[in-house]
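Letters A, B, C, D, E, F, G and H mark the chains as written, and numbering starts fresh at 1 in each.
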C-alpha cells in the first residue's frame, strides 16, 4: 500500500469520525433547546403566582421530557455503543442539566429524591453502562447538586409567596442529601467543587427556617412544636 | 534598458505599497478616533447611571430624569460622531473600537427608561433614537449620496444590546437594595419581577447567545438572588406584628419616613 | 558611559528604591499593630457592657492615636515628599483602617461625621497633597464606608444592649452619609465596591428601626436630641 | 563515577521518594474517610432532635478519634521525622479538618476553646515540632476558624430547635475568639483569608442574639441581666 | 412588548445568525479542501523533477482556481454584503492561503508580484469593499508574505535541482518586496509577526546567493533576463 | 431505597472506578519505563559510531517491544473493553511515544512508512476499535509525526557521520509523508499543531540536501541523477 | 429648632461631598486626558520605529534619521502636554495613565540614538531632552510659581526607561536580521555585542529590577540567541571558500551588492 | 489558660517564625547578589574575546564561591536543621542557580559533569539530607539542565570566536547527559518540563557540529576523520 493510499484510507476514518461528531452536535443542540424550554417552564415556580399550580408546570415539563426521549433515542443511533466515552464531552453538559431538570420535577411532584433509575427512565437512557447509552453516575450526581441550589432559591421564594411550610420540608430533604453525599469519596474534580457548594445551600435554607421559627411562622406538625 | 525595466517594475511595487500604507494608516487613525469617542461615551454613560441612582433618595424624580436625559443627549451626540466616522463603512470592521462605549450607553439609557416606564427598552427603540440629522449638507462627497446625506443612523448590534442589558441588571439590583433602605415597600417587588423576567430570558437564550453574555450570567444570577432575598426579608418582616408588643405601627412608621425624606 | 556602567548606575537607583520600600514596610507594620490595638479598644462597644463607658473607650483610643502620629511622622521621613503615590500601595490599606478608626471615634464622641481635616489632624497627616504626607480623599472615603458598616453592627448590638434610641440616630446619620455618596461618580474600583456595601448597611439599619417601631420601642425624643 | 552510574544512583533517590509519597497518600485516604465519619456524627447536632443528646454524639466522635490516632501512628512511620515539611501538603488539608472536628467536640462538651495541646492529644500527634509528627500552629488555627463558622450555624439552628440560651453563649465565646485572633499578626495567606471570614460569623451570631432580644426571648440568667 | 417577547425576538436574531455562520462554515470547508489541492499541485515544484514543468503545474492550479471562484460565488450569497467584517474570522484564514496560492502561481508564471486586483480576479472577489465580497488588504499582504517564505524554500531547492540562476532572481524580487513592506506601519498583530518572518526569508536567500557566488555559480545573465 | 442506601450504592461504583484507575496507572508506569529503554537504544543511531550497526540496534529494540506487548496484554485486563475512551487519557501519551518508536524502528529497517496494522502488531494491540484495546488513528499519526522530527535530526547527524546518501532518501520519504498528511482534514487540535511542525522538518532536511548538493556531495545513484 | 440644626449638619455633609465630587471628577478627567495623550505617543513612536528600520535598505541614512527626529519632536510636544497636565501634581498619581506611551517613546528615541551613535542612550540624556519652555507665561496661578512658570520638565522613571530599553532589544534583533539579509557583514557583530551587553546588564539587575522587566527577560534572551545565531552563521559561511570551486568571489560579490543597492 | 493567654502564646510562635523568614530572606538576598556577580563573570565567556581566558574567569568565579560559602554558612544558623523543607521555597530558586553556576565552572575547567558531592563542596552545603543544610537532588538536576542550555549557546559562540573544536566536545558531553536523564523517571513537574527543553539543546548543538563538518571545519581527532 502506498503512502497516498494509506493516508486516503485514514482520511476515510477521520471523515467518518467528523461526520459522527457533526451528527451528535446537531442532536445535542436539539436537546439543549428542549432543556431550555423545560427550564423556562420550571423556573416560573419561583414567581409569586407560580406556587399555585406547580402540578400543572410539572405536567408541562413531563410532556417536554417526551421530546427529550426522542432526541436521546436519535442520539444513540449516531455512534457505536461502545464509544460512549469517546464522545462523552459532547453531551455531558446537557445531560447534567437534564438530570437536574428531571430531579427537580420529581422533587416538585413528590418531595423526594429521584433515583438514577428514574432519571434514566425520564430521559430515555439506560441505567447500566453495559446496556448502551446511559447516564453516568457522576452526571447524575451533578444534576442532583444543581437541584439542591435551586431548592435553596425555592425556599426563599416560597416564603415571599406566603408558603411558610415548604422551607422546613426542603431543609429536611437537603440535610438528608448532604448526609448522602458525605458517604462519597469524591476526587478533586468539578463534582467535588460543586459538592463544596452544597454546604452554602444547607446554610441558606437553615437560615430561612430560622427566620420563620423565630417569628412563630414555622408551625407545621413536623417542626417539633417546641415553642 | 534592463535597468529601466527594473526601475519601472520597482516603482510599480513601491507605489502599490504606498497605496497600502495610506489605506492602513487611514484605517488605523480612524480606529483610534473611535476608541477615544468610545471612552468618552463610557464615562458619560457611567456618570448618568450614578445620577439616576439618586432617584431613590430625592423627592423630585422627574428633575433627575430630565437631567439624565440631557446627559444622554450628549452621549448620543458622541454616538453621532461615531456614525459620522462610519459613514459608508462596514461597521463591523471597527466594532471592537467602540463596542464597550455602546454597551455602557445601552446600560444607561435602558436604566433611564426603566425608571420612567418600568419596562425594558427594546433594541428597536434604542436604535430609533440614534438617527442624526446633519446640517452640513454642503459637502457632497459622492454623486449618489445626495438625498441621504443629511440623515445618519447608528445601529446597536443585538450582542451589544444584550451585554448592556446584562449589566443593567446589576444597576437594578443596586436600586432594589437602596429602595429597601429607604423604606420603599413596593419597588423591590417590582424590580424582583422585572429582574426575574430578564434572568429567565437570558436562561432561555442559553448558549445560543454570544459568549460574553454567558460569562455575565453568573453575576446576573447573583443579582437576582440578592433581590429575591431582599423581597423575602420584606415579606418575613411584614408578617410579624407581635400582638403582645403591638404599638401604633403606622403612626411611628410615617414619622420615620418623613424624617427620611427630610434627610434626602 | 558604557552599557555596563549605565546598568550599574540604574542598579544603584533600584537598590535605593528597595531600601526605601523596606523602611516603609517596617513603619507600616508598626502602624498596623497600633491600628489593631485601637480596634480592640473600640470593638468592645459592641458588647452589652461596652455601651456604658463609650467616652472612656474613646479616650483610650485617642491616646493610641498619638502613637499613630509618631509612626506617621517617622513614615514621612522615609521618602521624598513629592513621591507619595509612588509608594502609596504600601500604606493605603492601613491608612484606610486608621481613617475608619478615627471617624468611628469621632462618631462615638459626637455622633457626627468627621471631616477630612479632622482625620488628618487625628492621624498627624497633612490635608493638602502639596503640603506633604496627606490622606488621599479616596482613602478617607473608604474609611468612612468601613465605619458605616461598623455602625450597622452597632445598631443591631445597641438593641441587644437595650439602647433603643441609638438605632434611630444611626439611621439618620447613615442616610445623610448615603445622600453624600450618591453625589460621587465612582470608577469600577474598590471604593465603588465598598460603596455598594453601604446600601446593605442602610438596609440593615432600616430593618432595625422597623423592628423597633412596630413594637413601639422607637422613642422619638431620644432620636437626635443628644447632639 | 560515570555519568550513567551517577544517574542510576539518583534514580534510586527519586524512586524511594515516590514510594514514600504513595504510602503517605494511602494513609491520608484512610484519615479522610474517618474524618468524614466524625463529621457525619457531629453534623446531626444541627437538627432539632440533635440538641437533645449532644453528649452522646461527642462520645461517639471520641471513639472515632481513636481510629484517627491509629492512622496518625501509621503515618509517622512512613517518612523520616525531619522531613515533615517535605510532605506537609499531603496531610495539611485533612489535619485542618481534624483539628476543626476536635475543637468542635471540645466546644460541645465544655463550651470552651480547645488548646493546641488538647488537639494534639486527641489526634495523637506531638505538640512540639521537635518531638516529631506534630500539628502545625497554623493548621490548628485554621481548624479553630472552621469551627467558628460551624458555631454561627449552630446559633441559628439552636433557635430553630427552641434553645434560646445557646446563641448568647456562642456570641460571648466567638467574641473572645475574635479578640484572640486580633492579637495575631497574620501574613497575607490562606489563614488570613479564613480569618477575614470570622467577622461574618461574629456578625451573624450578633444578629441572632438581636432577634432574640428584640422579641424578649433572650432572658437567660447567663445573658448578663443588664437590660 | 413584554420582556419574554423581546427575548424571543432576539432569540430569533441569534438563531438566524447561527444559521448564517453554519452555512458559511460549510462553504469555507469546501474552500479549504480546494486550497489544499492547489497546494499539493504547487508543492511539487520543490522537487528536482518538479522544476521541469512549472508551466504545466500553473495551468493545473489555474483550473482549480475556477472551483475557488464557484465557492466564493456561493459564499457571497450567504450573508448581507455590508456585514463582511462581521463574519470575517470565518474565511480570513483560508482567504490568506488562497491569496498566497494565487500570488505563488503568478510568480511562477511571470516572476512578478501579483497585484491585489489580479488576486481578486483569480479568486473571484471584488477589489473594493463597497462592491461586495472583497479581499482585505491585510489578507492580501499576509498571502504575499506566505509566498515570500515559500520562495526562500524554492531558492534552496532550485540549487539542489541544479538551477543556479533562479536564486538570484528570487533575491531581487524579494528585496523589492521587502522595500515595499518597509513603507508600512503595522500594528502588533499577526501581520506584523509574519512580516518579521520576511527578514529571515531575505536572509536565507542572501545566504544561497552568497554560496553560489563564492563558487562562481551565480551566473549574472540568467538573473532577471527572462522577465 | 433510602437516600443512604442510594449513596452507599453509588460509593461502590466510585470506589471500583478509582481502583481501576489506580491499576491502569501502575501498568502505564511500566510501559513508560520500557519506552524510555527503547528510546535509549534507538537514540544511539544519532552518534557517529551509531550508524554502523543500525540493524543491531533495531533487533535490540524489537526485543524490548516484546516487553511492551506483555504490559499491553496486562493493561487490557484492567477494564471492560467498551470503556477504552473512558480511560484513554491515562495511556494516550505513552501510546503515542510507542507508536513513534515502532515507526522509527521500521523506518530504520526498511526506510518505509509503517502501517497502522504493523504498529498494532509490534505493540500487541488490536487494529480495529471493535476488537478491543487498539491504537487510535490519531495516536498513530501523532507517533508518525514525532518520527518525522526525529528524521530531520537523523539527516543532520548522518552528514556529520559522513553518510551523504541518507539525507536525500530521508528528504524523499518526508516529502511523501507531507503529501500524505495534506490529504487529511485535521481538526484544530494537538495533532494539527504537531502537523504544523512537519513543515519545519521538511525545510530543515531540504537545507541539508542543499548543503550537500552545492558542495557536490550529493552524488548518489539513488538521488535521481537529474543534474 | 431641631430641624434647622439637622439642616445645617446636613448641608455640612452634603457640601463636603460636593467638594469630593469635584475633586474626584477633576482627577478622573485628567487621567482620561493623559490616557489619550499616551495613546497618541504610542502610535507616533511606533511609526518612528518603522521609519527607522528603513535605514538598513536606503542609501541615505541621514535623511531617515532626520525625518525620524522630526517625528520624535512631535512626540516630545505631546509629552510636553503631559508635563503641562502634571504641573504641580505627584506624577506617580497618574503614572499608569501614560506609562505605556512613555515606554514606547524610550524605545523609539533610544533606537534612533543607537543608529546614529551606536551607544545606549541614558536616562539622563532622555530626560534632558524633555524640558519644555512655555510661552504663555501670562497666566500666573500661584504667587510662588513666577520664576519657574515658563519651564516645565518631564522625568521618565527608571522603570519606564528599563522597560523601553527591554523592548528596544527586539527592534535591534530585527535590525540585525535585516542587515544580514542586505549583505551587511559588520552591523550584525556590532549589534550582537551591544545586545549582549544589554542582556548581561539585565541579568545583573536580576530580580532587583521591576517585576515587568523580568517578564521581558525571556524575550530578550531569545532575541540575543537569534542575533548570536546570525553572527555564527556569518562566521561559518565566511570560513568557507572551497579551493576546488573557488571563483572570483569579490567581483561577483560586489556585483550582487550593487544590484541590491539599486533595488533599495 | 485564658483565650487571650493562648493567643499571646501563639503570637510568640508566629513572630518567631516571621523573624526566621525575615532573616532567611536577607541572607538569600545576599546569595542572589553573589550569584548574579558570578553569572556576570561567567557570561563573559560568550564574548568573542572571552574565549581566551576562560581559566582566569573560572578563578574569579571560584573566589566568589567562597563568598557563597560564607552566606550558606550563615543561612544554616538561621533555622533548626530539621525544618529545611519548611523554608525550602525561600532558597530553592537561588540554590538551583548556584548549582548551575558551579556545574558551569566545573565544565569550563574540566569539560566533565560535576557530581552532586562537588557542587555541595563548592557551595558549602552538605550532601546528605541527614547531615543538615544540603542540596536537594532535584535542585542539583535543575542546575545541570540550566547549564545544558548555556552550553548550547556556548557552542554557537565558540564558533563565532573561531574555536571549531569545542562544539564537538560539547556535543559528546550533552549526549551523555541526555542518556543519563533518560534513566530517570521524572514526575510531571517543573523539572520534567526543564528536561523536555534538553532535547532542543541537543538538536541545536548537533546542528552546529553539522555546519562545521560539512565545511570540513570539524577536524579534531575525535570527530571520526571521515572526510
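Definition applied: contacts are C-beta pairs under 8 Å (C-beta built on N, C-alpha and C of every residue); 3 or more make two chains touch, one makes a residue touch a chain.
Because the structure is a prediction, the values reported are computed rather than measured.
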item: A-B compared against E-G, more contacting pairs; value: E-G
item: Repeat of interface C-G, chosen from E-G, A-B or B-E - more than half of residue-number contact pairs shared; value: B-E
item: Inter-centroid spacing, subunit C versus subunit A (mean Cα positions, whole Å); value: 47
item: Centre-of-Cα separation between subunit C and subunit B, whole angstrom; value: 34
item: Euclidean distance of C-alpha centroids - subunit A vs subunit G, Å; value: 57
item: Subunit A, residues touching no fewer than two other chains; value: 179, 183, 185
item: Multi-chain contact residues (two or more partners), subunit B; value: 6, 10, 28, 200, 204, 233, 240, 242, 245, 263
item: In the complex, subunit C residues that touch subunit B; value: 168, 171-172, 175-176, 178-179, 182, 184-187, 196, 199-200, 202-203, 205-207, 209-211, 213-218, 220, 223
item: Partner subunit H, residues of subunit D touching it in the complex; value: 1, 3-4, 6-8, 10-11, 13-15, 18, 80-86, 88, 113, 115-116, 129-130, 137, 141, 176-177, 179-181, 183-187
item: Complex interface listing, subunit F residues touching subunit E; value: 175, 178-179, 182-183, 185, 203, 206-207, 209-210, 213-214, 218, 224, 226-227
item: Residue numbers on subunit F that touch subunit H, as the complex places them; value: 29, 32-33, 36, 39-40, 43, 46-49, 153, 156-157, 159-162, 208, 211-212, 215, 217
item: Of subunit B, residues touching subunit G in the complex; value: 3, 6, 10, 28, 32, 35-36, 39, 43, 262-263
